[in-house]
Structure formats: structure tokens, C-alpha cells
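I've put the structures underneath this note.
There are two complexes below, and they share chain A, which is joined by chain B in the first and by chain C in the second.
Our next item is the complex of A and B:
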């Protein structure tokens, strides 16, 4: 990146952690409030992409190697499929809830959807960042 | 087995994930994972097809939600034929690719499993939304396979196909929007039940959109321009699957929405005429382009364009569904055989230019023999299966449109004989020493030759036994021509 300013650098570094936290919030509260795995994952990815744009792809790669993104994406996808097949094994059908619902105080806890949201969030965050990293990397 | 139709999509998807993990960590395990995954998938395909044929159809409600709200997967007798085609194509290709080490190309195993996922999804999808998603997934996987082999020409051909596929997707979406606005459902069977009260103009618009959309995918003239460069860039192995199987599945989807969904030929008789005329145009243009072609792989691609024509001609004739289905089965086998057997020949010559094939027949006798048998079948020489299917299409077309289509079919046969004989003569000629020629001295592996030889044998055998296969195909054709069967299957699923 050629035209870098201190403002951009500082703003991106201060903003990115909040985006990560907000993304994690969307993922983990998706079963109770607006949000969910996909939405939260995209927000997390946009934090990573912000860092890549404001700093550089290399800086992000130093933080988390791209290979780890790829491993995370395929692993979570595999786990997601495994959970789906788990539903069939449990005799309920593909992706059916085989854990059952619990409660946190007065709130219902959709434990199955919660687990799926976390898997989907991780997959989407890794996948979306990976696509953008590769596209940015093309320019080098 | 209760979850059969769903597992058809899940198993190859899981194979894709496993292959992508092994390609990152343990490269040697990739062929094993691919073979195990796709053989399981092929077994499931055959099992589901047999069950669907015996029970006159299967429906599967994903999550237990019934049709208009939930996702319904449907396999009727018509779909069962395509499940079998997919199983045969995918086993042949996997074994061949492992034998020829194509599978070691980075990404090949993942993309092949994804394409198998998408094609199974297209076949079992009971609603337009899932059909759309799986068709798009198939496009993405195809683009990957096209662009995989060579960096420059592959990327260019892949991009051309990407543009064509986007146009195709746009037309599909327009039709979906119009149908959803006028019926409020996306399930194909529900649309089929509501189509009688739909204005005729809506049926016309949607039919045209679907024909253009799938016309791009199957290479209907003048939407065929991507095909030659794509098959040329893709490499013979991937091209065999794209032309031999993927194209047939797109034809299946077109028939499914036009017949089961829209009752297009019933409500608008002109659709049948359009399909027939498009078929004749494809036959003439495809064969002439192939005749003028100097490159073997591009020649095979243009021959595909021509043979889509025979299938469309069958679809456009009132009694032609059986013939079309027969030609779909035969062309799938013949084109897979041609593409797979031309790889060792091209590999020996070091070039796919027909003029440089000299000496290839002597160096690769098994591959050349299989190529000749498949070529004879595709030309339509009796007693091969290619003759039988062309015969059924011609008879059906004669009943509706008189002698003209039969003459076109005959002319196409003569032209195709000319260009396949030209290829054979070139390959039989003595090798002409050429400066700067890179000949890969490596002989084709035994596994590959076994695959190629068995496909050639199948094209030969299917001719005489076609009378045995015909009743099965006739039942399959009836289950799509008689629309109420499909609609009843989804609306009142058998317990």
C-alpha cells in the first residue's frame, strides 16, 4: 500500500477489535436475538479485511497464516456436515436437533442452533477473509 | 436407505471436504479418499435409482416439512435414468483420473466431488430454488475444472464460460421470479398443478427463459460458442465429464421444468416446434463446424453441439421422449468414450492437431480401437447403440414433421462419418518426423485402457440389447410425459 496515513493506520487498528467483538456477539447471540452465524462471520471477516486493507496482507499473514484460514474453513465445514449426519445417526433426519433444548435462567437455550451458529460463523469468517486475501494478494 | 435422496447430495459434499483436507496435509491420501467417496456415492445413486424405478418414484421431505413450505427431494423413474448415468460417468472418470494421475492436479478431486454434488442435487431437487442453487454450484465447479489445467488459455475459457453461465442464471431467475409472482410457490409439482389457471403469456415467457437458460448450458446454437474452447482447455478427462454427464443433467433439468412444471408443449405447441427447429439447427451447424475443425478436442466439442440437436429434435416430437432419452444415454457413453480414448492418442502425438496424429494408432492400439468403436457408434453405424437411438429419434420426428428432419439426420450422419474417418486416417498414417515435437513416450496406464475398452464395449453391446432396455426407458419417459404422475408423487407421497 503506497498512500498510507497515520489516521488510517490508527483508525483501523482501533476499530478492528470492536468489529471482532461485535461479530462474536452476533454469532453467539444469534439464537436469541437478530444475528446468526453467517452475519457474525461476515462481520468478523470484515474486521480482518479492514486490517488487510489499512495495513497490508503481509501484516495479517504475520498475525494468522493464510494456511490456517484454509484449515479452519475446511475443518468447520467438515464438522458442520458431521453434525448434519449426526442427526441421521440419531434417527431424526439430516441436521435435526439431537441435543435437545435447555434453559439459562428464564431464557430458553437452543443449544443445537448455538453450536451450528458457531460452526457457521467460523466457516464464513475464514472463507470470506480467505477469498479477499487471495484477491488482494493478486496485486503483488 | 430411508435418507437415500438426501445422502446423494451429502456424501459427495463430504468427499469434497475430505479431499480438500487431504490435499493440504496428506496428498497421497487424496486419490483414496476420492475413490472411496465417489464409489460410495455411485452405489447410493444406483440403489436409489433401482428403488425409485421399482416403486414408481420416491419423495423425501427434508426436516419432515411438507411440499409448499419445506424442501422436497423427488426421484421418479425419469430421474432414475440420470442417476444411473451420473453413477456410470463418475466411476469411469474417477478410475480413469486416478490411473492417469490427473487426480494429482491440485484441486481436481475437490472440484470433481463438488460437481458430483451439484449434479445429484439438480437431479433430486423438487423445487426451483434448490434447482437454481445446484445449477449455479455446478457452474462454479465446471469453471474450476475448465480453468484448472492451463493457466492462460484455461483462465480465458473459464471466464468466457463464467459470462455465459451468468447470463444463463439471469434468465433462470427471471423465470423463477415470474412463476413465484403468479403462483406463490416454488415447488415444481405445485407449479405444475397451478399451471392450468395461469395466463398463456406467462407460460410462454417462462418457457422461453428456461429454454435460453438451459440452452446456454447444453450448447444450443447460437449459444454454443463457449463450448469448444472450454472443452479444449479443460483437458480430455474433465471434458468427458462435462460433455458426457453434466450436459445431460442440464437437459434433465430443462425437461423437468418445461414438462412437469410448465406443461410447456401442452399449453404452447410452438415450444415443441422451437425445440425441433433448434435441434435441426444444432445438427447442421454442429456437424459443419466439426467438419471444418483441425483440432481433435474441438472437433469432439462441436460433435457434442450436433448431438444435443438429436436430443432436442426428439424432445420436440410428440412421441420422441423415448428416443431423446435413448440418445441421452448413448451419447453420454459414446462421448465419454471418445474423450477418454483420445487422451492417450493426443498424448502420443504431443498435439491435438488432427494433422499431427500420425503413428498414434500403432503406438496406442487399444485406445485407438476404442476410439474407432465409439466413433462408429456416434456416427450411427448399425448394430451399435448410436444407430438405435438415432433411429428412434428419426421415427418420432418423421411422424410429426415429415421427411425434412429425417433427411437432416441422414445428412448429419454422412458428414460425421466424413470427419471421423478423417481422424482415423490421420491416426493410421505413418508418423511424420517433425522438428520440435514433444512426444510423451509414457504409455497410457492399464487402468485407463480398461476403462476406455469397457466403455467402447458398452456402446457396442447396447445396440443389440436396446430392445431390452427400451421398456425401462419407455416407463421413464412416460413418467415425465404424463405430468400428473410427478405431481401426484409430490402432493400425495407414497407411504
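Our next item is the complex of A and C:
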């Protein structure tokens, strides 16, 4: 794998962690402020994609095997369905809130929305980066 | 001639867009009133957008995630990795 410039290398490696943190913030505060699972997940994925473009797909794959992205994608989808079916089991209906509400405080009050945001954030981050990894990895 | 047709088509599109922009945009609607009044109480999410897409319309969101899952499956099916990863760039 040919070496790209040092500037690109350093900038990407310094920037990516902040992108991960910002993406996690968007996901976890999605019920309180603009953001949410989809948007935060895409920001996390863009951090992974930045590493893949600046370094190489292989370097990212060494960090996190692509197989794990695929497992995360399908597992979170299964968990989403499980949460939906949990609503039926609890007698509230498919994907209805069955967890209940907490008090406004340090913990999220809208527990159901919070949980769904986390699941969707993980799913979108895994899915979007998996698509790009495969497309980047094609031209080798 | 072709140029004139293109200009005419562009003009028609422009007129439609201008009419759409100039039209009446009702900001008052019953569903909007309902969500503003009850959204936080119904779902607990202070962000009303989140209360809509994960509270009232969580089923739509599930559909969107299925779309993403199918997109990933399609890419993984169509793009075969040409060779196993041999040359590694090393430290990350």
C-alpha cells in the first residue's frame, strides 16, 4: 500500500477520535437536542471512512475486522426487532414504549427513545462504514 | 431548435418552482398543534423530531433501517473482495 502524505496521515488520525466523540454525542443526546441515531451514526461512520481514505482499508480492518461491522449491523437489527416485539409481549403494541419514563435528571428521561437511538446509531455507523469499506476495498 | 426547446423546458420548470414558492404555506395544522402540545408528554423526548421518528412513527424508522440493511447486503453481494488482505499499512 503506497504511503500518502504525512499531513493527511497525521490530520486524519488526530481528527478521527473527535469525530467519534461528536457522533457519540449526537447519538446519546438525540432525545434532547438536534441529532439522533441516524445522524450520529453517519458521523461515526464518516470518522471510520476518513481513516480508511487517509490510511487504507487494510489499516482500518486491522483495527476492527470488517466481519465485526457486519455482525454489529445484523445484531443491532435483530435487537431493534426484539425491542419491537418486546412491546407486543408487554401488551403495548409493536415498537410501542414499554420501558416507561424516568425523571428529568442526569439519566435520560425518555428511556425508550434513548435505547432506540443507541441501537440505530450503532446500526447506521456499522452499515454506512461497511458499505464504504467494501467499495474502497474493491479497487485493489 | 434544440436550444429553444431546452430553454422552454427550463422556463416551464422555473414557473412551477416560483409558483410553488409563492403559494400559500399553511403553518397551522391539527397534527402540528397536537405534537407541539403533547409530544413531550407522550414520548418523553424533549427533541420533538426524535419524539416523532422514534415515538409516533417508530415503525417508519424500522423500515428505514431495513432499507440500510438491504443496501449493505446488496453491496456485499455485488462487491467481491478481489484478494485477501496481504499488504498491511501497519500502525493506526
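Miscellaneous remarks
Operating definition for what follows: the second predicted complex is superposed on the first by the 133 of 140 C-alpha atoms of A that agree within 3 Å, B and C clash if a C-alpha of one lies under 4 Å from a C-alpha of the other, contacts with A are read in each partner's own complex, and residues count from 1 in each chain.
Just so we're on the same page, a residue touches a chain if its C-beta (ideal position, glycine included) is under 8 Å from a C-beta of that chain, and two chains touch if they have at least 3 such contacts.
For clarity, every value in this text was computed on a predicted model and none was experimentally measured.
For the composite obtained by superposing both complexes on chain A, the positions of chain B and chain C are free of clash and fit together. Shared-chain residue A:94: touches chain B and chain C both. By the touch criterion defined above, A:59 reaches chain C but does not reach chain B.
Of the two partner chains, chain B is the only one that A:85 touches; chain C does not reach it. Touch criterion not met for A:107: it reaches neither chain B nor chain C. Touch criterion met: A:30 reaches chain C, while chain B stays clear of it.
Panel annotation: after superposition on the shared chain A, the angle at the CA centre of chain A between chain B and chain C (CA centres) reads 50 degrees, nearest 10. When chain A is checked against chain B and against chain C, the one touching more of its residues turns out to be C. Of the two partner chains placed around the shared chain by superposition, neither chain B nor chain C is touched by A:21. In the superposition on chain A, contact is made by A:13 with chain C only, not with chain B.
Contact with both chain B and chain C is seen for A:70 once the two complexes are overlaid on the shared chain. Contacts of A:137 after superposition on the shared chain: chain C is touched, whereas chain B is not. Put simply, the nearest alpha carbons of chain B and chain C end up 6 Å apart when the two models share chain A. Chain A residues 70, 74, 77, 81, 84, 94-96 lie at the interface with chain B in one structure and with chain C in the other.
Within the complex formed with chain A, the chain B residues making contact are 3, 6-7, 10, 13-14, 17-18, 20-21, 24, 62-64. Contact residues of chain A toward chain C in the complex are 1, 3, 13, 30-38, 51, 55-63, 70, 73-74, 77, 80-81, 84, 94-97, 101-102, 109-113, 116-117, 120, 123-124, 127-128, 130-131, 134-135, 137-138, 140.
Residue ranges of chain A in contact with chain B, taken from their complex: 67, 70-71, 74-75, 77-78, 81, 84-85, 88, 93-96.
Residues of chain C that touch chain A in their complex: 43-47, 49-51, 53-55, 58-59, 61-62, 64-66, 68-69, 71-72, 75-76, 79, 81-83, 85, 87-92.
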